[in-house]
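In the part that follows, the structures are each spelled out as structure tokens.
Here subunit A shows up in two complexes: once beside subunit B, once beside subunit C.
So, the complex of A and B:
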């Protein structure tokens, strides 16, 4: 497989990984008001499939953010304890939005590289046409 | 009948087998077979992924990747074929 074809594969794996990251961010935002919800953290790892210096990336196991859950005061809530508090989620919308934006930018970067590798292969073949 | 034309026919008949295609030694010509095989593999992989994507089994990224690879493979094959055909036609146009 030529280097340009490898670049296509790696850029594709990067896009897939960023899409998975965006999905986890979306899940976090969707569950921002779920009591007891801990935000999911996406981890990235490179895939080693026998090639030296493998460049493919994928998302690894999802870990849960272990920071303290937000204590919400709402005595009418069925989950409230004696003091009228219950556990909310530890999702911070600002962090999630920033994460989503970062995923978008990384996705775009991978997309550009995918397109560039494709165009470079294409124009290389164009040389033979004249 | 002129003896020379008879001799020419005989010479032609003896020389004819020399131009017949014969099996090359092992390893020779397998490059092209490999190329064709890989090309067919890429095509069928692209088709399989496209089908899977249509039925919702495959990721769109996999679809785009497979189709981009197929497109480049077809482009390569077409370009190489054009070159080979062009070279062949050059030989055919050679004044004898």
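So, the complex of A and C:
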């Protein structure tokens, strides 16, 4: 029973981490046209043995993608320099969509295991109900 | 049957083994995107049971001598192919294992329940 409870906690931590990854992906997509925006990258790390919540996953520090910003030619833009260019963002929509899809897939896998552990617990408790 | 209830003990061990396995699978799936994470797995239940009277095999003499049914399942490295970030979890394989675990747990609980039914019937309660 305690193992099943642990399974619920693990699956819950996985869902939480994937949800936060999806949130950062959404922020990136929302800011795809913001001048000077660098895309945020979520990192995952697992909690080491001996710490509270060992084996769970959690999100680490958010880092910024340091690749070059896109140079956009638009002389009428207030941020444009002498050559008529200004910095765009380095968000690539294709990458963000793929990342969001992967987060969804992992989230569903965690959800399925959560549900299975829940059903196993309740069928265990059904034994007492007779 | 009534002296030491082997079947109940065996069913309980199988259910508890399935619980351990489920928690290991959940841990793997939660860490499916963690760089450098190695997938884990639990030793097979069949490896814990010798073919003599369904007694549990013990790793140390003196273990499991009485009615105790400690869970001897060991957590070992699951192997598997390594992704470029050093992660060895395969979601598909974990889902397969989750299905097997569910099956084993259901089996254990069914055996337990019907053994209890037989016992109830034999003491005249229905």
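Just so we're on the same page, the second predicted complex is superposed on the first by the 123 of 130 C-alpha atoms of A that agree within 3 Å, B and C clash if a C-alpha of one lies under 4 Å from a C-alpha of the other, contacts with A are read in each partner's own complex, and residues count from 1 in each chain.
In the analysis below, contacts are C-beta pairs under 8 Å (C-beta built on N, C-alpha and C of every residue); 3 or more make two chains touch, one makes a residue touch a chain.
These numbers come from a predicted model, not from an experiment.
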| item | value |
| --- | --- |
| Partner chain in contact with A:19 - subunit B first, subunit C second, else both or neither | first |
| Subunit B versus subunit C as contact partner of A:120, first or second or both or neither | second |
| Of subunit B and subunit C, the chain that contacts the larger number of subunit A residues | C |
| Which of subunit B and subunit C A:128 touches, first, second, both or neither | first |
| Touching both subunit C and subunit B, counted on subunit A across the two superposed complexes | 8, 114 |
| In the complex with subunit A, residue positions of subunit C that touch it | 15-16, 18-20, 22-23, 25-27, 29-35, 37, 91, 94-95, 98, 101-102, 105-106, 109, 112-113, 116 |
| Residue numbers on subunit B that touch subunit A, as the complex places them | 59, 61-62, 64-65, 68-69, 71-72, 75-76, 79-80, 82-83 |
| List of subunit A residues in touch with subunit B within their complex | 5, 8-9, 12, 15-16, 19, 114, 118, 121-122, 125, 128-129 |
| For the subunit A and subunit C complex, residues of the former touching the latter | 1-4, 6-8, 10-11, 13-14, 17-18, 21, 43-46, 55-57, 102, 105-106, 109-110, 112-114, 116-117, 119-120, 123-124, 126-127, 130 |
